[in-house]
Structures are given as structure tokens and as C-alpha cells.
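Chain nomenclature is as follows: A, B, C, D, E, F, G and H, assigned in order of appearance, with residue numbering initiated at 1 for each chain independently.
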């Protein structure tokens, strides 16, 4: 910041700027600041604008999408019901609504699918966790990161996990999704040396307490290298994974 | 019961019993009933009388032990602190106080160590769970059932579990003890075809909630064949295991 | 395992196996391993494949059933709503959908009803717990174990329990199901010397907290010989009961 | 109240009272009101003043006692530790400190032990609940109501309860005290036609949650005629029992 | 019981009974026992049979009612929705379904409305608690006890409570019903010398936690003479109140 | 802010400031910003610096006090144990440690006791809540606001509250402190037209859950005009009250 | 009160009042008391009568409104669904139903919009919190206090908050509304020297626990000058804010 | 793995290995497997062996350290009390016990301090969170990653955070530690584009619920790019941060 400030002050001193212009620049710097910069950076880097669809109408979603399409190349909307999704794609047929992940994704023509080398492993314990797993996978894709899916690898049949361990471990980050007792991230965390992002799901009943049980399991893991996001928050894990993935592959280029 | 009743009534009818004697027998049946029968059966079968030591003084414990020694061959006291344990064994040196399991065990001279073939596997996830694991193991021994100990086989280093799986599976019942995230019973349950008794422990901190997290994990296990006892209740699991073990080996003799 | 390994290596050494074949055998051993063996054992022993119907469509359920019918003799699907159940039996009329237990059961023609001697007692406290009780009973039947039903024997009218105690006690295992305050397993546990599997139900209101109250009651039971499964998990109790029952009656044959 | 008001106004009108005196009377009526009357009534009826000792020093307790001795015939202090109790009885040897119930009781010389016919049954499930049970029993005595003690009648050995049921049922009210799973009041409530006051205790561990489990059990009882007080609140149950008992025996005289 | 037993044995001894008859009598005593006696006593005393309607169909309810009408004079069904209530009264027009309390009540012709002198006060804090209050009031009436209603007397406008305090206090028992913060029983308990039965309701939102907040308030009351029933359990409070009321007025006759 | 900025830029433009000086001024504005201004304002207005003593050593507290004494006129330290308090006042005898509120207060010589007209009413329900009540009262005094204490006015003896209502209502703000069931703020809120700040305390046992019960009661109050601070947070209520009080009396001068 | 009482007694003494009239006056004072006075004061001051619409039918709401219209100038009904709102405004077209805040507001003709100078800032973190924010804003307006809306100023984009800080701080009181993690009031509380009323909302999912998470965040704020109302209780915050605002601006006039 | 297997089989085939040797190799592969490999990798990479000191005696800790010193270059022990720490360093003076972080760290002579470029930012909200913050910082150092400390940057004085934002953002990963309301990670997450690892601490009281409140705040954050570890788990955050940091800087070399 100080460089930016220094330059403006110098320009003012030298008469290259009026007081009003300098004031405006400093103010705009202040008002819009880092966030605006972030927005620019995101567009350049392929990170999409993300809209949380829950509680918004189809009309509101469409309006936000249209506004973003003026400047953005990739747009992601999460938590969109079938009814709302249909309304949106009826208006703009190039938007994709995905029935499993409940997401809307839009990419500008010629925008590349994938922006980084490598991949993020997305594991889920059971077929009932698919919605969350696909929210994570689709979100990764929307951010230009390749997801590698390893589904139905829960601890009740642990050989399925071991069969694919070599592929799982090659990722930069591992997203491990589980409902019920939520033990998958612990087991994975003991077998790999990559960061594991654990996503508890609300799949279960009774003492599962709508996912609280899985959440607690993951927070208490005695394996190292695990951190946790909110229940059913596939997008949250994907975003964190993409941040890490980009760091790794930006450095290497 | 009806046979017992029938006989008494017949004896009364035939004049072989006075009304008072019959009344006494029916009453004693009633007053002491099945429980007394249970006690007899237990002594015959080697199941000890069990005293919950928490909240009892050394003096109270000693008094109960002495009273039981008149009729019982095996006595077990759980949850006995070092201080209380020392006081008791100072009085009766043939009683054994165990510093890990916090138990007092007494066996009549010549009473055999083990009363049944086979064994019960006792698994624990970490060294911090040893108190609970030993409460289970010592309780099994007190009931004449051989425990086979498999300690430090937690899911954070799952190969240690696999190395010993063949031995673990040969048991009649498997007691799986774990604190922290409590995932061990789920993993074991997916690998064996024996009943697994899961014991959550209060080992952990923060979101472990004094063992509630482990408890919930075990109740929500997606592996089949698992049931759960109270937090830190090593004795409870051992008792249930011994009931099952006896059923299996009684039948076979 | 080591014997299996030893043999393969010897055969390779002796030239009876190519490197590729040995590799394949070791790998397939590794990939499919114990689980495949378990599957074989289950089919031989009459334990059915079990599908958790919640969250699966009728089409998905039917597809899994058809796939299993190629190799299995007994199939059980739990948590199937009436609508889904109807769709399935419209397709295959030999499958039975049960309206109380919400289960689908299929048995190959000439497959025997019951595969073991003896029985498991299934107790429930009130008529509102019937769904859970029948899930347990039908699951036992699907696994070839005879359930003996003792319904409406709750502690508010404890004489109904005592009237049937002799029959209840003859079982290998007792499944005790209760909602509301969940006191039935404690009372039963004090009267019998068989393992009691306690199933809390979500029947109740207010401070019942959707079954948490019953669950806590059962975990804190001061009767010995009780272990607990998740709320409403009739199948879970039945599965563990069948594991124990089979152990007892396998040994005796 | 309106009669009292009417009289004062009439006396004022007739000149029998000055405005100031009438004002004072109406105000004092207002200021001290029903509560003062309650105090008088209590002394007449033998209900003692009750002091909650927790968080008060021995000195504070003694000071309150001395102040009450000027007008009261019976004084009860609950939750008094041994150290504080000793200090108090060192000062006034006619006060009784009871080591089990942790109470201080004082009665004026010649004040009768018991003021009402009949009795209140005090049941407790285990010996660990004795402190709470005796707090209830001693509180009843302090209020002039006879307690009849039935201890160690928990549901794990239900025959002990049945043996004494006839005596238990003759009471006006039954106080049923239990920790652990807290099932005693439910069982009792199904066997008697008297009001049952249920007292959960904090005896237990793990999933007992310091008595919350017992409390929930009692609130969810499917037996009718049960109401519940706070965890460990032996005094609270005794106070309500005494209110009911007095109603019953006042009416009959 | 011992007298009953003694007589049977004597009759057997004297040849006045066959062994079979004595056996039958002792058995029937055992099988039906105290419970049958209770049923008889209830009918004589006017206490109705009570059916918990939740989870039962209109058909099931009607069938139970018809069965009870053979022997009972008063029948009460609680928690009956409008739809189910309509079905029932369409069949039997002399049954009354009450839309506020969601109860069905039937009385045999000429059965008196009220069976005891005096009354029970039923207080509720707000108009939203009416369903619970009326469940209590109608239940009292069904048991032959007169309820005196004092509605909308919550602590937010405490003068309304004081205005009616004299009438409230004349009752044998006071039922105090409140949702939200649930403070009413505490305030009432500080003003009266009658037992207060507190009923928390699930009325409220947010931190009310479906009535848990009100429940905790009532359990922690610092006023003496209060006990608590489950959330929304108007019937439970009424039953307990009727037990107490009957004790008071039976004695006095 | 914009004025400040405008001036600096103008001075730079006019050559009254070097670029470096302007840069420094803008930076220091930024670095120290509004907070520094707040500090100045507080000293002028008499609001003291407040230190949370919990978890700080006597030495650390003393060091902070000394540093503040250079610029501040009033200093308040909350949550100071007796041992730590003694150490501090041994060093500086003009600091006051208060044994009830566990606070340290220092005022510069000649600093006035009270800085505003009017007062804030501090109510507490029972004598056990005194520590919290005095933390509030002493904190008010430290901020120059007069507290008016109304202690032991709990709802179990509601006449004591009514006796003093007129005085209570004259305050600008009412702080109502209560443990146990925490009903006091609701009752007060229904009687006054001033903002009520409710402080739950951890006084109680069992279902009080260390103050959670009181907290929930207060959050669910059906009286309007109540807001709540954390359990035992007497200081927090006092600070909020002082903010409001100052607003009222600043405006009026 | 004492003055009122004094006068009546004097008039009675002087014969200016009959005993009956004095009695009536004192009684009516008593019966209607402070509340009636409050009602009068409210109407004079512009505070409306407020009806909680949840659980009331459109008919009931309309009836209460009509009754209040006889004496009140401003009426507010909160928590009114669209269906109920439509029914009401179909009857009385001058009533306004607001679709965002779910409120009904009625003002007598010529009743001024705003009754006080200054304003209350209403901040909300996200667009999903709008219902609660508008309930607060509309409630303020109904009480004659001007709300200044600052929406979508959540901590995830904190620059939006800073941009408007100067305007926010000019208010007498700041209402800060947030769901999800609920951090807004803490951040605001650290930046302003006005009382902050924090409103948690139930917006969120999973570990948000229907707003409990936001509630806890706000109660634990380490910023001073924050107090909290129930989850989603926009009206509650507005009411307390209006109480404070009126105090400030009444004083100043 | 398959390559390793392939080679062994080939060697056996070619007679370069005996059956026994091949068996041993395959077995050792199996028994020690990936874990051993991990250990090797860790030593090479500078990741230390980590011991959880809680619940281990000084003697046990010392024994483990000595055993590890044979093969490891860096050893870290967390959660070591002063008493235990002193015992250990009395034995081996080259081990460092740190009083703030409660850690023991040992490095082989000449082992470099730092093994990677760049740094991880460690932020904490208040001075009370220092133990957790230093556990994180020291753990990072033990793993060869440089921590950059930014302490006392809580949201109650948010300018302190902004002052250092530029430095904070240059890290690969940001660890944000906070107790009380735990809002720091949300605010940071909204300002940076690096992964934030959030650590709730148990610092607080009352409704903080021993850190549960902070934990929930962090899980519900509406800022993206945040994941959470267990309460007070500074080491856990450091371990995951080091995993990520190593990935980033390994790639770049």
C-alpha cells in the first residue's frame, strides 16, 4: 500500500494531480480497496464469482448472473433446487444445472475447463453423500481445478479405500466426505501425507444429530493433517482446496 | 416356575408340608426369587459378585468383600482408587489391587483362573485408553474368561490393526475401546464377522466433550454388528462379552 | 494368509505359475481380500445381503436386488417407504414388502425360512414402537434366525413383562426396544442372564429429544449385560443378535 | 383483601383512624402483604424456615439461625458441609448436623417431632443416592411429616421393590430418587395410585451427563402420576410432598 | 398379599381347593395382580381409561373406545387431530371432540360431570398456550375434577395474576402452564402455599429450543413447592393433580 | 475523516508539508486511527481503561496499571482473585481491591467519584448473585455512573420487588441479575418502561447447567425491552448501561 | 403511587368521596394499575400496541386491531404470514402488510411518521437476514423512531462496513443483525461508542444449529457495549432501541 | 507398490531370492508398510516425530525421546506441564522446554532451524490465547517451517489487524487463533486469498462453553477459505499448515 500512497502524494506534490483527484484516488483506494483488487485477480486467475443460491429466487439468481457475465468468465451458483435451476436454464441455455450437486455453472465460451496441473482427490464414504461430494467436485471444476472422484470408499469396507490409495495420494489435497460416524478422514489421514479437508454430512439418523456426530468425529481425529468445514459444506472444502492447489501449482510454474 | 409351585402345592396337599412351611417356601421364592437363583448360578458358573467401588469407602468395600467371601469364590470391585485399594489389601493380602485397571480382585484358593475355552479380544486405540481396556480385561478374567489384549491399534496407524487381524478374529467377541474420534469399532466392524462391543472413552479434549464425541461415532457406525456401552465402561463391555462367551462355550460342551 | 502366500510363492518357484499369474493372484487377494471371502461365507451361511433403502430410489433398489439375485439366496432392504415398496413388488411379485417394518425381503425358492435352532426374543415397550420392533424381527428372519415377539411389555404395566419372563429368558439374546423414558432394557437386564441389546426409539415428545432421552437411559443402565445401538436401529440390533445366535448354535452343532 | 380494605376505609370515614394511620395500614398491607401472613401461618403449622446453605459461610448461617430462633419453632438448613456444620454446632449444641443429608436442624424444646398422621414414602435406587434421599427424609421430618425410608430398591433388582410395595403404597405421596438411568419412578408409577415425586440424582458417569440422563428419563415417563424436581433436589421434593401431605391430613381432621 | 396367599394355602390344606384350582388362583393373582385391581378401582372412582391418540389411526382409536365402553363409564383420548376426531364422532355422536384441547371424551349417560368437591386451578401464561391448558382442563373434567381456568396471566403483565390470586389459591393444586421463558410457576410458587405442577410448553422460537428453555426455568425455580412434567404434557399435570385432589377430598368425606 | 485527509493534501499541495511528513501523517492516521481517538475521548469523558484480570498474573496487572497511570485518570481491573489483589495493593496502596466484586479500582487524586446525574438500578435476585451484582455496581462507579443497589428482590418473594419499584423505575437503565431460573428480568420488564439489561449468573445446580438455564430464560422473555449479556458478565452489563446513561445525560446538559 | 393514595384518603376523610367510591377507586387503581398508566403513556408517546401474530388467526388479529383502534393511534402486528396479512388488509385497506418484514402496521390518519429526532442504525450482515432486519426497521418506525438501514455489511467483506461507519456511528443505538457465524456485532462494537443491540438470526445450516451459533458468538463478544436478544427477534431489539432512543431525545427536549 | 511386488517375484523366479526371503520381504512390506516409508520420508524431509505428552509420565516421555533419538533428527512433544518438562530437561539439557507453549523440542546438533523458504502467519486474538498460539508456532519451527507471529490482533480492536495485513498475507498459510466469540478467522478470511486454518480456544466463560462457541463461529464462517481444527489444537493447525507449506515450497525448488 505504501508505494501506491507514495506515488499519489508525489504526483500531487509535482502538480500532476489536483487535490481533488488525489483525494478521489486515496478515497477510492480506501472505499473499494483490496476487495476490488481481489475481484480483478479472481477473474484473471479463473476463480469464479460464487453465489449461495439458498434463499434466493430464480429471478434474483438470474439477475446476479447477468450482472456478473459482463465482467466474469466463470460463475458458480450453489444450493439451487431443481425448480429454480430449470427456470434459470430456460432463460440461458448455456448455463448448466447439475441435478446431483444442485449447482449452476456458467463458463464464457472458449474459457478453458481446467486451469492448473494436478488434481484434488474427492472421497466420499457412501452413495448417500453424493450431493455433497458433487458440490465439492463441481465447485473445484468451476474454479479450474481438476477433481478426481473416489466414491463409496467408507470404512465399513475399507479394502475399497486401499485399492485406490496410490491414486488418492497423488493429489495436492484430499477432500474426505462422510456422514454417519464420519470416520473416513481419520483413516485417510493416517495413510497419506497430504492435507485432508474433512466434510461431515448430515446423512444419518438418530444419534447422528443431523451431522453433529460426524462433525465431532472429524474434529477429534487423532490423525494429523486434518481440518474440518461445516456440515454438508462441499463448496467450502473445494474453495479451501483450490486455494491450496493454486498455491502449489502457481509456485511450480 | 410353575413346576416349583406345583411341587410345593402337592406336598402341602399330601401333608408333606405344613401351611407355614409352604408359605415360607413360596414367600422365600417370592422375596428372594430369581435373583437368589441367579446368585447360586453365578457361583457355580464362576461369575463373581461385582461391586462398584466409586463413592464407597475402603471400610465399606472391605465389609462387603468379607460378607461375600462366606459364599462366593470370585469377587471383583471396580473403580477403586490407589488409596482405597491400599487400605483394602493391607487388611487382606490375598486380594489383588491393580494400578492400571483400578480394580480389586479376589479368588478363593484353588479357584481356577479361566473357566471357559476360547477368548475375548480386547482392542484399544491408544495408550491413553489403557485404564478402560484393563478394566475390561481384568473383569473378563474375574469372570473366568480369557482376554486377548491388542493395544495401540488405533486408526491413525491402521497397519498395526491389520497385522493382528487374524488373531483378533478368532475370538468369540471383540471389545473395541477408543477415545478421541472413536473410529476403531467401525473399522474393526467392517473387517470381522464377530459381535463388536464398542466402548467410548473420555480420552480427548475440546470438542471431544468428555467422550460424547466417541460415543456418538460408535452409535452411528455404518458397520454392522456393533453395540455400545457407556463412556469408560470397560466393565460393562466385559460383562456383556462374558455373557455371550459363556453362551457359546456352554453350548459346545 | 501366510499359508496362501507361501503356496503361491512355492508354485512360482517351482515354475507352476508365471510371474504374471502369481502377481495376479497376490493382487486379487489383495484387492478383494477378506471382504470377498466374507461374501462367500455369508451366502453359505444364509446371511443376506442388506441394503439401506433410505435415500435410494425404487429404481436403484431394484437394480441392486437384481444384481444380487445372481449370487445371493436371501436379500433384505430396510427403510423402504410404501411408495417405493409398491414399485419394487410391481416388478417382482416374489419380493415381500412389509408395511409395519418398512422392509423388502426376497428369498430364493426352496431357501429355508429358518437356519438355526433356538430364537431371539424381541421385546417392545409400547405399540408405537412397532415399526422398530418389526424391523428387528423381520431382519432376524431374513438372516435365518427365529424371532419371538413380546410386544407391549413396557414398565408402566410391568406385570405383562413378568407374565412372559420364562419364555423371554429362553432366548439366546434379548432385543429390548423402548421409546419415551426407555426403561425396559434396565428392568429386563435385572431379570435375565442373557445379553440384552437395547434399542432406543424416537417415540415421544418434548424432553424426549427425538429419542436421545431413551438412548441416554439405556447407556446409563445400572443393570449389567446391556449394550445399545442407535435410535430406531432395529436392524442393527437384529444383526448383532444374529451374529451372537449363530455363534451359539454353530458351536452346538 | 377487599374486607381488610373496606374496614380501614370505614374506620377512616368514622374518624377512628387518621389519614396518616390509614395510609400506613394500607401501605404496610401492601409492603408486607401475603408474604408476612405466610410466615405467620408457617410458624403456626410447623413448617420451618428453610435456609439454602450453599454459598453461605458458617457465620452467616449462624446469624440467620439466631435471628429466626426469636420467632420460629423449627429451622432447617440444607447443603451444609461438614466443616461449616461443625462450626455451627460448636456454637449451639442443640442444633443437629447430619452427615449424610448435610443438613442442620433445630427444634425448639418441646416442639413435637411429627405434626401429621400418615407418612411419605422415600425410595431410592442405590446406596449412592443416600445423600439426596436423606436430604428429602430429614426435610420431611423438619416439616413435621414422617418419612418412611425404602432404600436400595432400584430396578436392577426389582424384587426388592415388590417385597415392600404394600408399605410403600400406604403413603400419601411417594418420593422416588434415582441416578444412573433413573428408571425407578417409572416402575413405581406403574404400580401405585399415589402421586410420585421423582428426583433425579447426579450419581453416574459418562453419558449420565451429571444427572441430565436421569432427569430426562423421569420427564418422559410413560407412567402417569409422576412429576419431577431438579437434579439432587431432595429438599424440593420433600417440600412439595409436605404441602400435599398437609392438605390431605388437614382435611381429615 | 400374604393374607391372600395364606387363605389359599389353608383352603388347599383343608381340601376346599384342588391343587389345580389353588395353582390357578395363585397364578392368576400373579398374572393379573395389582393391575387388574387398579382397573377396578379406577372405574369405581370415576378415573377414566386414557388413550394416547398420537400415532394411532381413527379406526384403532374407535376400536379401543368400543372395547372400553363395555366396562368403563368415562373415556379420554388425548392428542387427536381434527381429521381423526371427525371420523370418530361421525361413528359415535355422543363422543365429544374438542378442537382446542384435541381430546375425545365419552361419558356414559347419567354419569355425573364432577365427582369431587373443590377444584384445581389451571393457569396459563399466554393465549398461545391454550392447547396445553385445555388438555389439562378437559383431562381434569374427564377424571371428575373441576378445573378453574385462569388464562393469560403471564409475568409480562403480572397484575392480571394478582387480581385473581385469591381465587387461584383456594384450589387444592395449581397447574401453571407457560412457554417462552416459563417464569409463571416461579412467581405463583412464591405467592401460594399449595402444590404447583408446572407445565412447560413448546411455544416460542429461537433460544426457546422447542420448550427446553421453559422446562429448565421450571426445574430451577427458587420458589418451593413446584414440580414439573414433560413439555406440553397438559394431561400429565392433570393426572397428577387429580391424584392429589382425590386424596384430599377422599379423606375429608 | 475526509476533512482531515483534505487538509493534509492541501498542505502538501501548498508546500506546507513534505511528501514524507504527509505520508507519515496519513500513515499514523491509519495505524492508530479511530481507536486512539477513542482512547482520548474516554479519558476526557471519565470512562476508564478496563483490564480483564482473569489469566493475568499480579505482576502483569501491575505493569499494565502503571503504564495506564501515565495517561488515564480511572482504571478498572475485573476478575482479580484475593491473592492477586493483595499483591497489587501491597505495591500501590491507593488502589482499592474489593472482595465481593473481585475488582481493582484506581482513580487519580481529585478525580470526581461520579460524572453524570441520575443513576442505574442494579437488581439481583438472591444473595448468591452478589459477586456479579457488585462487579456491575463497581464497574458503573469506575465509569462515573452512580449505581443504585436493590438486592435480594427475586421472584420467590415478589413483594420485596414491588416495595422498591418506584425507586427502581427512576433509573435510566435497569440491570437485572439472576441465577437459578432467572425470571427476575421478565418480571421487571413487565413493570417498567426503561431498558432492562439482563445478566444470568451461574448460581444454581443440576439442570441450571452452570447458568445456561438462566440465560435461556432471559433470552426468551415475553416482556419487551430486555437484552442479555453473557453469564456472570456484570461488567458487560455495566458498560452497556454506562454507554446508554451517558447518552441520556450528555444530551440533557 | 403514594400521592394518588393520599389524595383519595383525604377526599374520603373530608366527605368528598363515599366509602364505596374510594374503595372503587383504590380497587380500580389496583386492578388496572401501572399497566393502564403505561398504556396511556404509550399512546401519548407514540409507542404502539404490539401484537405477536404467530399462532393467531387472521380473524383474531383483526378483532384485536379493531378493539385497539378505539383508543390507540399506532398498531403493530409482527410475524404475519402473507395469507393472514392479505385477509387483514382485505378488510381494512388502510392497514399496511409488508412482505419482507411480515408485519402489519396501522397508523391513525394524521399521526406523524416520526416522533423523535435522530435515528437508530440497523445493520445486517447478509441479504438473507433481511426479514429480521426489516422487522426491526418497521418496528422502529411503528414506534416513531427513524431507522437508518445499512444492509449487507457482513465481516466477509468488511470494507463495506467501514465505508459507512461515520453514518452508522451517529445513531443513538446500533442494531447489528447477523446469521451464520454472527461476527458483525463484535466488529461493530470495537469501532463505535454507542450501545450495540445484537440480533442473531437462524440463517445458516449444519453447525449453525438454527441460530444458536450466532447467538453464542454474540454473547461471547470480547467487544464491550453489546447486549443480545433472542434469535430472529428483530422486534425485540427495536423495542429496546426505541426505549433508549426516547430516553435520549426526551431528555434533550 | 506393484513395481516393488513385481521385482520381488521376478527375483524369486530367477532364483535370486529364496522363497523364505521373498516371503520375508513381502511380509515386511506388509507389516511395516507405508508407515515405515512415511517415517523415512519424514526424517529426510525434516518432519519430526511428535509425541502427545498429555497423560504420559516424564519417564515415559524420556524413554520415547531416547528411542527416537537413535533415528530421528527432530523431536517434538506437546502438552508437557512444567513439572514434567523440568524432569525431562534435567536428564537431557539439550532438550528445550518452553513454558508458554508447554512443548519439549529436541534437534540433533547441526540440524538446521528452518528447512523451507517463506513462512506461515500465526495470528491470535488476545493475550489469553498465547499458549495455543505458541503451540502452533513452536510446532511449525519443529517441522522446519518459519512462523511469523501476529499476536493480539482480535476484532475488538480491528485496526491492529489491518496495520499488519500486508505482512500477514505474504504467508503460504494463515493460522488464526481465537477464543471468546472466535470472530478473527472470519474477518481475516474476508481480507486474504490464502488458506486460513482456524483454531478455536477454550478461553472465555459462561456461554463460551469451553470453546464450543468459538468453534461454532469458525465452522459457520461466511468467509471462504477457512477450515477448522479442534479446540486449543495449535499443533493440529501447525501440522496441516506445514503439510501445505512443504507442498508449495517443494514444488518451487
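Methods note: a contact is a pair of C-beta atoms (placed from the backbone, for glycine too) under 8 Å apart; a residue touches a chain by one contact, two chains touch by 3 or more.
Each chain and its UniProt protein: A, B, C, D, E, F, G, H = NCAIR mutase (PurE)-related protein.
Just so you know, these numbers come straight off a predicted model, no measurement behind them.
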Can you list every chain in contact with both subunit F and subunit G?
-> A, D, E, H
Call it same or different for subunit A and subunit G: same when shared residue numbers make up over half of all numbers used at their interface.
-> different
Equivalent of F-G within the choices F-H, C-E or A-H, defined by over half of its residue contact pairs recurring | A-H
Roughly how far is subunit A from subunit B, going centre to centre by Cα mean, in whole Å?
-> 50
Taking each chain's centre as its mean C-alpha position, how far apart are subunit B and subunit D in Å?
-> 40
Taking each chain's centre as the mean of its CA atoms, how far is subunit D from subunit E in angstrom?
-> 24
Going by the touch rule set out above, which residues of subunit H reach two or more other chains?
-> 34, 157, 191, 206-208, 212, 215, 219-220, 224, 230-231
Just spell out which pairs of chains touch, all of them.
-> A-B, A-C, A-F, A-G, A-H, B-C, B-D, B-E, B-H, C-D, C-E, C-H, D-E, D-F, D-G, E-F, E-G, F-G, F-H, G-H
Subunit H touches which residues of subunit F in the complex?
-> 30-35, 54-56, 200, 202, 210-212, 215, 230-233
Counting only contacts in the complex, subunit D reaches subunit C at residues 125-126, 154-158, 180-183, 186-187, 189-191, 204, 206-209, 212-214, 216-224
Which part of subunit A faces subunit H closely enough to touch in the complex?
-> 1, 34, 38, 41, 50, 165-166, 172, 191, 193-195, 197, 215, 219-220, 224-230, 236-237, 239-240, 243-244, 247-249, 251-252
Subunit A partner, complex, touching residues on subunit F are 2, 5-6, 9-10, 12-13, 19, 22-23, 26-27
Please give the residue numbers of subunit F that touch subunit D in the complex, ascending.
-> 127-128, 157, 159, 162-163, 203, 205-208
